[in-house]
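Chain naming follows the written order as A, B and C, and within any one chain the residues start at number 1.
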Amino acid sequence: MESIHVLEVIGTSAFSIAGAFAAMTKKLDIFGIFIMAFVTALGGGTLRDVLIGDVPVRWLLDFNAGLIVFFSTVAAILFRNIIKDYHNILLFFDSVGVGFFTVVGIRTGIALDFHSTTCIALGTITACFGGVIRDISLSNIPLIFEKEIYAMACVLGGVVFYAMFHLGASKLTVDLFCLVTIVAVRLLSVRFNWRLPTIFKASKS
Amino acid sequence: MESIHVLEVIGTSAFSIAGAFAAMTKKLDIFGIFIMAFVTALGGGTLRDVLIGDVPVRWLLDFNAGLIVFFSTVAAILFRNIIKDYHNILLFFDSVGVGFFTVVGIRTGIALDFHSTTCIALGTITACFGGVIRDISLSNIPLIFEKEIYAMACVLGGVVFYAMFHLGASKLTVDLFCLVTIVAVRLLSVRFNWRLPTIFKASKS
Amino acid sequence: MESIHVLEVIGTSAFSIAGAFAAMTKKLDIFGIFIMAFVTALGGGTLRDVLIGDVPVRWLLDFNAGLIVFFSTVAAILFRNIIKDYHNILLFFDSVGVGFFTVVGIRTGIALDFHSTTCIALGTITACFGGVIRDISLSNIPLIFEKEIYAMACVLGGVVFYAMFHLGASKLTVDLFCLVTIVAVRLLSVRFNWRLPTIFKASKS
């Protein structure tokens, strides 16, 4: 995938806006808002790269993603009262981001000859763990651990990725099927309020 | 130590169950439960490997530990109402896990010719910091920082390790003395409700 | 810079005391107090080294910094009721620490031929993220994200660093101007209660 890519811009922007909004809700100052946007957008990829040893992490060397975060966050601050009325659009962009980052993570694993299970795990980490680090930093229980179907969408997308891959589809087709699956699952899960089950357990033992 | 080892199975299972139970107490969904079990069991070793630069971290390449986590968590979910009545057994297994992971961490340091202090630190990180990451992720103050004697048991075990080591004991004897010391300190500390002192300080200054 | 350096001792001590005091406020036990002091003093440099791939991290191999943390924390515990009445001195030492660690971080980046923006980011991470990790570990919103001007002081110091650097000043002069700028901004911001603006946003969207 090219360094700058329309899907990367969409995904990075949507993640940055989500991070900036979470920071504003917690009344952080503007430094905190930018850091939370950055962590949400780039934290998953950073964790992935640290775990596989691909360091220095890319954003230290290549400022494209950082610039997208910066301008998206400025926009999120300036137009916060407008943007929040368009949360269907935000949700759609966010879902595209989840799909895109999952594909990036899977492809990273494939380039290193990792097992398909590992590659799907790397895709899920890339797409989901920026939000996890953001939530932990803000003293929230990570959203994806209790309320929303993100990770399952990534795993399903990964399964579709390998199904198409083994059918011999072209790289572009494989990537697109994965991405569309993830966007579809994500949007349907919000629309119909799907939740993963929780397990009741009365008290600590 | 062999890749699959009865003590590793016991320790990884006990840690996974502790992580899964902590997640259920916080009403996480099943994805969150599995992630918390994984983090509790493998987070300490992952942090150790990132700090020493032994990457890609092992669980990306070798699925044995991941499979133990998976099946232990399934068991923890299915038999949660039975398991919680056996917390003496869980505590014993957990203590074996603490001892085993400490030995693994110390041996990792020795293989890299680190100083004994560093090796004991790596043992303690391996055994204790999975639980720390779990607690921070769930917005709890880490248990081992305020309530329970884990880390001191690891440090004592490490001292015993090096005492036996310098007396020329065999590898197996050294490992066993370390592990038994840790299990004993851990069980005695729970039995007699030992706590490390806290320091009273009226307010932030 | 030499391994042991009067500024490093001052900065590491001040950061350790700040970490120990934060831990005592949360009623951690003595193990927790030492770990929080360690994380506050060495967490920023550790995160920097993990992100750039300079591992094993230095404190595993060189115990000087660890010993400073240890003795500073012992002093913080023993003299807690005396020290807290001298918070102007603590604040001054803490500011020296922020300045010193920023210089160390920038120089680390320069040694790797990184872009000036990256170097300033590394300086800010070195100086500020130990406190961030401490606050997250204690379930607090990081202080520097909502209340205090730390990071902006580091960024300004970094700009002064490069201004002097491009004017051809000597290494020592460059370092000193950077450090003095940071100490001055930090002290003035506390004296006059400067805050970065926060952005009001009514609710999550």
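Keep this in mind: a residue touches a chain if its C-beta (ideal position, glycine included) is under 8 Å from a C-beta of that chain, and two chains touch if they have at least 3 such contacts.
Quick caveat: nothing in here was measured; it's all calculated off a predicted structure.
These two copies of the sequence, subunit A and subunit C, are related by a rotation of 120 degrees on CA atoms, to the nearest 5. Counting the residue numbers used at the interface between subunit B and subunit C, under half appear in both copies, so the two copies meet with largely different residues.
Taking each chain's centre as the mean of its C-alpha atoms, subunit B lies 30 Å from subunit C.
Within subunit A, contacts with two or more other chains are made by residues 50, 53, 136, 139.
Of all residues in subunit B, only 50-53, 112, 114-115, 117-118, 121-122, 132, 136, 139-142, 144-147, 151-152, 195-201, 203-205 touch subunit C in the complex they form. In the complex of the two chains, the subunit C residues touching subunit B come out as 21-33, 35-36, 46, 50, 53, 55-57, 60-61, 63, 77, 80-81, 83-85, 87, 90, 136-139.
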